[in-house]
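Below you'll find a set of structures to go through.
One chain, chain A, links the two complexes that follow: it is found with chain B in the first and with chain C in the second.
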Partner chain A sequence: MLSTEYRVLRGPEGYLPPAAASMGVVLPEKGSALVEGCIVPKEDAMELIADKLLSAKNPFFFPGPLVLWAWKDGVVEKAKAIKEMAEAAEAKIIPMPDYRPKYPMINPAIEINPNHPNLTIWHNKIDVCVFIGVHCHYANMALKIIRGGTECYTIALCGEAGHEDAMISLRDVRVEDLKRMTQIIMEKKGVGK
Partner chain B sequence: MIEQRAVEPAQLFEAKKESQFITGSEAIREAIRRANVEMAISYPITPQSESMHLVGDLFAEGYIKEYFRGENEFAVMSSVAGAAMAGVRVFTATGGPGTLRAFEAFPTWAGARLPIVCAFMTRGVNSPLTIQPDTIEMAYMLDTGIIMLHAETAQDLYDMILRAFIIAEQTEVHIPVGVFTDGFFVTHTRDKVKIAPADMKLPPYDPYSSPVPVMDMENVPFRQMRDPFVMKSNYVSYAAHASWQQEVMAAAERARKYIKQYIGELIETEYPDADILLIGSGTAVSQSREAMAYARSEGFNVGLVKIKSIRPFPAQEIRELVKRAKVVIVPEFNRVGWLAREIKSVAEDTTKIVVGPHVFGGMTMPPGMILDEIRRTSV
Partner chain C sequence: MKKNIFQISPSFYDVMPAEYRELVENGPFEKKVGVSDLGAFKELSEEHPLCAGCGLALSLRLILASLPNPEDTIIVGSTGCSAIAFPQVAVQNIHSLFGNQNAIASGVKRALTLRFPDKIKDVVVIAGDGATVDIGLDMVMQSWFRQERITTIMLDNEAYANTGGQESGMSQEGAVLHMAPKGKTFPKVSLPELARASGCVYVAAVNPAKPKKLEKAIVRGVLAARELGPTYIQVFTPCPTNYKFKPNETIEKIKMRVKEGTYETTEFISAEAQELFARLEEGKK
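== the complex of A and B ==
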């Protein structure tokens, strides 16, 4: 049975948490965002992202292949904007360049893999993470595993339709959105007012 | 070949249409003519063969860039997977034993997030050998992870196939769509089908919005091996595989929005508040509609529910409709009653659901059979 009560909250949720989409959580339309399974205005979600990053003890960005290589026009500008946002939030960066599992073990201090993202989060004691530039399938796969087994608060800045399995998700994220979030972060820090 | 221009999907779907008196197989040809398909791969099996012959004609006319015959259905479905991984909009069709022969490919398509569109022209499967209409293969397909639409008429077939590409290719959906129709009853009969102008076609597929990396010179086939978790025996591998499967099911849930947008609701109803509801899919709906007309002329309060989307299943809609009805009759062209099982799985009170009437092995279903059930349950 579908439930409208399901909320996408900080974990650990359990052994095998469901896909939020299968629990009735729907993706936002353009101009809106998702916060813990509820649709909110995009600007509100941006404010909340800034709050979560600034209140975190150990925030990390996980940029994926879509922003790690200059495979089309505009990606370099986007990558620069991501770096500026991470620096404004005083967050560290661990890239996710590859999706294939690495055996026998990744080095969780410097790597993250969508098939076992919990290892990197546990090792680095990451309490807030930002997915960006990760192909949607792999992002959702990883976000569920993180929700299931860790206490990490997940944020997904998606260039497509967004992610139900993140605790906060924006859709259609462009360079100007990243710059806007950097501006919000700086204002909340009391810089550039 | 008529010179075509790519237009927005809505422009094509809402364009002024011409009515043609054509078979279901020809309706498939006309849908593919306008679908901007780059590649089609065929293998013959009755009652599907004609449709892919006609798609081959489109290749000869220049509408499709590549077309060939595979060695068998499994080869076809595997080739189709390769084409889709490489970012190509691709189409194929099969039916009955061909569906079963290719079976491993279907969950593979879904698991690899491939937006393939495949038409299934259903027929009986062995044994004993039959080529006649039967929807039993749909029972087997229910849990493969693909979206399943069930066409009642040639018009449905044309509309659903054309729209299936747009539904399948949404980034957040991006799983295969199977458009099923009842072999012979639809494929080999003529009907009026409203068709968009032939000088319009769908916009091209953009593989770079895929939720998984597309196979190209940066992501060569070696890297397309989708992380063989199965080779490892540890909790991490199991958890990743589980989360992967959940994501495929989630993709089908997200398709609801686009099925509603492009095909209308997942169901259609006539007299939904009636005491007796006939719920069906495919050509069982046509027979039920006839039976309903007879029954209403005799004073029975009968309504009709046509289920267009089998996967995702219209669970909420059916639950509400069954709750209001006193009796629900589920006519089907197969021996197992898979649609009745689906309905029972979401209904609160299953005792009001009549499993049947059934016909199979190629038998037709006279509306009188359904009418008898209406009379019997009204006593």
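== the complex of A and C ==
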């Protein structure tokens, strides 16, 4: 296991926490994942994600525009796999349909906004959340705000290179990865063995 | 862009907020709707944080309903009251540094033309009088000189309204505001005349008291900019907060100013724009 001194841990870390990348946390290579700033095998991270979701009091998935909108081939299938994973984990879903700041305020009971994600976390008392389908720059910003101001544990299932600012991050997440995680969750629940 | 990319992934349909579902099912995209249809389709602005009776909010609502091609329109805004309404608007929009809006819009238009040479992409600047006639006048006029194919819409509330009420170039001579207690010492700038002299192919000064006229000007401004060159539309949007009148008197104030001749409604159509509009009208028949 590679490590740096800085750990990406459950917050609140305080106002304006540093970007994990600036503290030496590096993105994982293909086949690896990040757990709290350390690079681990992807399968280990998947197991840990299942544990975190199943032990959470109030887990939520935050799907973003890349999976909420059927804008290209393959998205509908990915959305279906995400929904199945959330249902398996008995997690609720709050969408992030776009990135408008929507001043003066959003309705935190029904949507999340990358510019003030803490409002949705606080309002719904969310202790574990999963980001998926959120464009990377907005995900990084939201993850940092959550780490700074809440005690929510963050998981980022990224279709690209992963997120240093999430407590657990997978990279190159495809439909088969989501199905694999759903299977792990079901096995841990003692279903479908 | 086609409406089919606005489809919600079926698995997430049940969790999407109602406003998004309504926009997909009953929004103005790929429909021929306008201000006469308000109330019969889902509007592009859910709500706004502007003051009660704000002429700008009313005008913005009418402008959004008038856009001929909202799914392929990019709005460039600037600092001012309108900037705090735009985060609620369901049209692609960019906030620029104060006064830079027409420079940004020029770049956006050029980039879109290169990236999507076979598609129609309308770029519309919507900014206040301070951003347009004071701080951004250089960028505004240079974009007109360069014949950029963009539409510039000024929301003219005759003040810097959200910073406490300073006079702008568009305030009337003698106007007294919170931050301009001595009264303005020079006349209101006649930007429509400057626009015409600077190469705009279509220029109009309209107001929300005449919604159909406002709509016609917006449609003409966007279509002429798409085909010919820069266009300018000035919309009178009185501010009850800074000019101290009741929120329900906004429309009356507009009518009064027009009647007394202190706010002129005008329209200039260049020969080439006249030809374009005639051709488009002919195509409709």
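Just so we're on the same page, the second predicted complex is superposed on the first by the 189 of 193 C-alpha atoms of A that agree within 3 Å, B and C clash if a C-alpha of one lies under 4 Å from a C-alpha of the other, contacts with A are read in each partner's own complex, and residues count from 1 in each chain.
Just so we're on the same page, a contact is a pair of C-beta atoms (placed from the backbone, for glycine too) under 8 Å apart; a residue touches a chain by one contact, two chains touch by 3 or more.
Not measured: the values here are computed from a predicted model.
K.L.:
Spot which of chain B and chain C makes contact with more residues of chain A, would you?
P.N.:
Looking at chain B versus chain C, the one contacting more residues of chain A is B.
K.L.:
Check the residue A:Pro65 against both partner chains and state whether it touches chain B (first), chain C (second), both, or neither.
P.N.:
In the superposed model, A:Pro65 contacts chain B only, not chain C.
K.L.:
Using the touch definition from the top, say if A:Lys57 reaches chain B (first), chain C (second), both or neither.
P.N.:
Neither chain B nor chain C is touched by A:Lys57.
K.L.:
Looking at the overlay, what does A:Ile145 touch: chain B (first), chain C (second), both, or neither?
P.N.:
After superposition on chain A, A:Ile145 lies in contact with chain B alone.
K.L.:
In the overlaid three-chain picture, which partner chain does A:Arg100 touch, first (chain B) or second (chain C), both, or neither?
P.N.:
both
K.L.:
First (chain B), second (chain C), both or neither: which does A:Lys30 touch?
P.N.:
After superposition on chain A, A:Lys30 lies in contact with neither partner.
K.L.:
Identify the overlap between the chain B-contacting and the chain C-contacting residues of chain A.
P.N.:
In chain A, residues 69, 71, 100-101, 103 are touched by chain B and also by chain C.
K.L.:
Could you list, by residue number, the parts of chain C that touch chain A in their complex?
P.N.:
Residues of chain C touching chain A: 5-12, 15-17, 20, 49, 84, 87-89.
K.L.:
Can you name the residues of chain A that touch chain B in the complex?
P.N.:
Per the stated touch rule, the residues are 1-2, 16, 18-22, 26-27, 65, 69, 71-72, 99-101, 103, 114-116, 119, 135-138, 140-142, 144-145, 148, 160-162, 164-165.
K.L.:
Residues of chain B touching chain A in their complex?
P.N.:
Touch residues, chain B against chain A: 113, 170-172, 174, 208-213, 218, 223, 225, 227, 229, 232, 236-237, 239-240, 242-244, 246-247, 249-251, 253-254, 257, 315-316.
K.L.:
Mind listing the chain A positions that touch chain C in their complex?
P.N.:
Those residues of chain A that touch chain C are 63, 67-71, 75-76, 79-80, 82-83, 93-95, 97, 100-104, 107, 110-111.
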